[in-house]
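Please read the structure below before turning to the comments.
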């Protein structure tokens, strides 16, 4: 069986890629799409790593600290996935974009809705029944400062508590068993435009939280709250003087451009760092060995780069911090003086891969600027950065200096429309998290194929109102008008292995299992199972609304493997439906409406949980 | 001769109408007192009422007759960051303003109140931050986004990226008074 | 009364073809001023084109088919136009009637195809400056097509209803001259609209 | 219509006067010769009188109000043109006075900035588009056919149409202004200030559409002038015998041809930007505000020469007459005119030196700008030489020409200064420039124009202006003008920008501004004096006779005012200064029909008789067509659909215009070559018709 | 009052231009006088009567020898004109070259953005944190070349300091540059020279030319955030500022006010004028400007502010403390 599969692969895929392959140094045609051996890429050890016994639970949105979204369950595999059926469904009653991952702890599933951020505890033994429901009642006004729909990206479980953030910038801890609020801490101020949409991560008794609001002139930060009491343990800003950024003597950035004192001040016009963005609304990973957390910071504000000369540190940066103190260990600014709203908030997949003949502990980041960065996670050295999408605005990354080379005529300015900037403002890939399978050695990247026209305009900072200063129009990138892509990327060979084109941006996360199945959803409402090695769509199911959530895989109380996904279109990309926007204005929703005018023909809004299993 | 006299009457009437209409359309009073706003603070947000129906309250915003005021409204709409949420009428963070749906009413005084008072689902209150005159100008412009303002008054395209058709080319649709619930935010509480 | 002979002009002809009649000067005046307008239009096109790295900006190349069809139709029309002019200068009433009718057909076809062309253009006039200049140049030429079409119709009507006058033949001849101008306008316009983006 | 009655009366009086003198002369003559000969002569005279009456009937305007509206006579239209343009001159002058009142004192509150902006825009626009160019065309429309010995201008219906269109365009603009919709972006309406975003409302649209109106009008007149010049000259008037004035209007007409389409296109772009959202001038979407400046000045600079060149024609004409000798350096003058016409198109960029264009290009335009001083110098020198070699007679027209010398030379000198990029960078857009172009335009065009008014007034009205008042007019205007505008040079150098509605007291500009305003009052007084003089003379001026100045050109060969048909028998010409040199028995043209409007068409170069062409009768259609055009143009200010819809009435009226009256073919004569080649066909056609 | 005149240059460029102008003035003046002299002579000179006939009988065929003589004179005149014009051309070109020759390494770069109807001024620096933004007042060190980068966000304006140099337009969609250098210390007034709408007349600015040390001190002071209010009244004034329409348009660095619609007020009290060179910066003027700017500068973008007298006084206290 396995032999025949290899032969098949050899013919079907290997043949296609042989011509451009640069990894088959051993001469074997079959080796191209497949890593040398599954053991070559090993996950880091850690509390939730795959190295441990797969317990079938899903305790944090990224599944583990390494953010690989890899489930060790293999009951559903590439062969039988075509038989998947709906096991049960559950309506959340909320109509906005559902970006969250459900959690599965024991025999309970926890679902966080978008604003008003209701937390449901669902009994898996009695599928769909609500054990309890927790309503934090966030301030309604927070809706007015949420840039891109009223989403929430999920909760985290630890120490018998569910932690999550509400739109009005509060972090709550809820007793997982009873649904009683344990503590509630205000972490930001909506009057200044701060909201929180990210999923927290719990590391060594601390809940790590970051703010959103890069489009509102907030000052980005990440803070650690005590898991027990919700008190702030440390708080690090992503701009401002070193003392605020928690940059101390241990700070050793790899590149010269990131070295220096108080760069968070000197790379900004006077006082601009106070309203300069650099938020943390994406993903945080944790390496227990080095005791470092890794996260990326968001875009600088405003979008119009003319308003903020300088590198604008530490926006659009990857930052490694000590998990206990928050002290910065290293930082690498991916996008100095960001020109296109290319936040650096994407997930860091912590993996070990061979690089130039030696195993290296790296973090793999499919970045918004369209490159997959492979960065040494101890030093911050960029080992490789290869494009995974169509690019016109940049010419590559100089690995010696860490500089991203820009194309001169694509640099935007005030009062001038610059056309055909690829990728567009949401980047080649936005927040939607990718997955990594140690079995295939591939990173599965859900992403967009969008380009844009961009015009900088005068931006006025009025606290609590948007601080963007740009007119944007997005449209499909090259091709047949497809706006989404799902790419399997080989981080070792630094190239795409297969790619699926989707009509709309793939705004949902991905999950990969030991059964070599990748799951993701599309905005026109299809939930898909894909053969992790070949990219063949094995199964798909049309759900009620477009999918922008994160699939999870768990073992039910009955011992069966289940796949769960929240549907409910929305988010930045789905704002045209979720917000009832007018397609005649292509600049609406920061320009995303321009690319999504036909979404209302394919999807309506409505939040619904779908759980699938084999019959 | 009768015909001539009639023609003369028609001519002078037309001339008078033209005069009054056009003088107002292009006047640039820099120190004008805005339409009375005292009553506006108690504006109704619904036509539904107990007892016999009262006629709907319809207010006039004199600025909707004045091209300069509407263009000032457009400038303020951009500079006061209305554009940040509603964009060029298509909406984003806030609802679309170029469609026929008006959550809190399409009447000038209702728009005025919405801007001044703010609305619970995210619309900030601009009380004390904009003076009445400016709000009336913005209100006039907001109505021009959906073609509620005469075409020779509504602004044309801006010297910016081309977006939706210019306000002066937007077809007028009678507003749908759905009232109260944001079209985009029907959600449980 | 006078010792010197006065100039008696009573036997001079009352009409003529070529540059002798006043109408010819009028036609050429029209051609000059409208030609000047199109020169400015081309100048505008290239002025707008110069600073832009990608042309057409942000849109595909204009599709060639209908523009080329129209080019062929308009170029073909030179043949009946030639005959119309010939017939007019030969005072051939039936010929003039026939060829004017044919010319109406051609002008009508070109006008209809022009509207189809608009439908297939790669962008709208209010999208960017490229769209504006392309639409307006094609529109300006359309205006010439339409006016010449109307002109020809009226002329034909005159030849059918009468009265038949010598200067009517001059008018027909001048009408043909003007049509040559309309044709001559379309050739560079076609090149600029459809080929310049591909070449430059 | 008092003006019209006046004309009629004067005309009648003049023709009676002429008839009386003729008959008296004949009687005196008859006393000395034998009876048979006298009878012959009287018979000739009676035949002439018959001819006169027939011609008057054929060429005269129709009776009553309708006939007045339908007139296509170049003198009627020309007079209307002149009166209308002069009316606009007065209106714009009133605006100028308002501005001077506002600027007389610092931080004055007489006008608010909005009104001031409308006023200065209206002043510039009216002066340039509704006065200067039209009045030059108007005088040409009146004088040119007379000077060339033609019965009417070519395309008379077009001529009537061009007047109506001009009138309606001007009235539209002024009605808009009175209704507070006056344009306010300056006479060159720079985008983006005049664009859709910053020019709210319809103010600029009225401006741009007024351009279209005057455009259409000017192009029509240019067509007529060129055709008349080349095809309707008196037999014998070969190109080297054409009076300098005719050359000057020819050059003007050609410049109109090449300059006006540019502004038509530019204003169309502006309107489309404002109405249908095109992006010609939107820098964000690939348009460019500099494009407007190029287009505008490619028209705008030649515009100055369009105004100035006919002015030089006046100067040459008046100078020659009152120096009592032929103009010195005829060929040089004509070549200078033509080369000015060419160079005039090569220096538009000197209006844009401050816009940041590449320096290399700027040097080229500096060269071109400075170069144009050469033909101007040639003209000045030739004129002085004419004076030098003549015996100047200081009649009032001559005074204006002498004033012209003083003013224009100063204007020319400051012009040369501004051609230099560095100097231009300092004085551009300041009162120095305001002073300069008023010196050039008032000096170069308005003073000669007033000279021309004084010169041709007797021809047009049959009565002489008062010389005393004429001299007074000149001196008051001359002093007033220099008082008004000379201080502005200094103001500009001392930093006063143009188009400011006020200035601050501590900048030290107050005194000179006050002086300028005082001068403005004087200048106004001068114009008033002229009006008084003209009105008085219309009623009580001395009768002029055919040729009161003893001038040499053909317009003085007919009665004052000229009859509807201009010449009883079209004259022929044997020299440049034909009335001075021709013998008493200079041949005339005979054989033109008097029952229809038949005119003689001559050959373009040597002016040998070529064709007889019948001009159409007076017609109401040009007026209707102008009305239809006006409706369409005004409609397009408000909606683009006015263009396709509005074309329909235009089409209908134009068809009506060109639709022939039923008439017989037999009267037509094909040219020889047609007869030879197609004789039979021709005969067959004739048979069919009869 | 600062000087605004092209006739008293304070820098090499204005100096070169005005000397070119004087040269042209003298030459053309001489030419003018000569032409007028010829004209007068032509008018008054005694002539032989024409063929003895009546005075107004035209001289149809002037004497050929006289004509030839005159044509020689005319030709000479034309030739002289050409020579003079050529000299002008060369001199103008040379001056033009000299004007553009200020490119030195050691220069200051100032960005000027034109707004209806005020000037936004920011000093470029390689280190972003040292960029200073102010309005309507430009300080430059004496004797040092300054590169001005000029742009506009709305309509066309023109940057003109007559004492220093000619004008350069600020055109939307273009960035123009001009160099200035001042040799004389002093305060020079500049003004918008391209018609830009209602308040074109009141769109001025001042250029303060001072020794480098003074300039440096000024620059450092501008870099700092706004002064914290030190008195109760100033504190109240700041509160008024932040809770009134002021905050919607103006920046005061160090507070929540960060809008760029109007001029940056962080150091407004250090500036010499208000409302783009319209008023002297005094308390009374400031009060008038805040309360009813439309009276002073009709059509400008500052709305009237109906403040309580106490609030107004507090606000003035605060604004005047923003040195």
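All chains are identified by letter, namely A, B, C, D and E, in their written order; residue positions are counted from 1 within each chain.
Here is the rule we go by: contacts are C-beta pairs under 8 Å (C-beta built on N, C-alpha and C of every residue); 3 or more make two chains touch, one makes a residue touch a chain.
Please read all numbers here as calculations on a predicted model, not as lab measurements.
Common neighbours of chain C and chain D under the contact definition above: A, B. Counting hops only between chains that touch, chain B reaches chain D in a minimum of 1.
Across A-E and A-D, the chain pair carrying more C-beta contacts is A-E. Summarising the inter-chain layout, the chain whose CA centre lies farthest from the centre of chain C is A.
Taking the CA centroid of chain D as reference, the farthest chain centroid is that of A. For this pair, chain A with chain C, the centres built from the Cα atoms lie 61 Å apart. Averaging Cα coordinates per chain places chain B and chain C 47 Å apart. Spacing of chain D relative to chain E, judged by their CA centroids, is 39 angstrom.
Across the assembly, chain A contributes 415-417, 453, 455, 458, 460, 462 as residues in contact with two or more other chains.
Those residues of chain C in touch with two or more other chains are numbered 57, 126-128. In chain B, the positions touching at least two other chains are 28, 30, 79-80, 157, 159-162, 165-166. Listed by chain label, the pairs that touch are A-B, A-C, A-D, A-E, B-C, B-D, B-E, C-D, D-E.
Contact residues of chain B toward chain E in the complex are 28, 30-31, 75, 79-80, 128-131, 133-134, 159.
Of all the residues in chain D, the ones that touch chain B in their complex are 112, 114, 176, 179-181, 192, 195-198, 200-203, 273-277, 279, 281-285, 638-639. On chain A, the positions that touch chain C within their shared complex are 409, 417, 419-420, 453. Partner chain C is touched in their complex by these residues of chain D: 41, 44, 154-155, 158, 219, 222-223, 226-227, 230-231, 235, 257-258, 260-262, 264-265, 268-269, 272-273, 276-280, 282, 285-288, 291, 294-295, 298, 569, 572, 583, 585-593, 600-601, 603-604, 609-614, 647, 651, 655, 658-660, 662-663, 665, 667-672, 674, 677-678, 681-682, 685, 688-689. Residues of chain B that touch chain A in their complex: 78-81, 84-85, 87-96, 98-99, 101, 120-124, 159-161, 163-165, 183-189.
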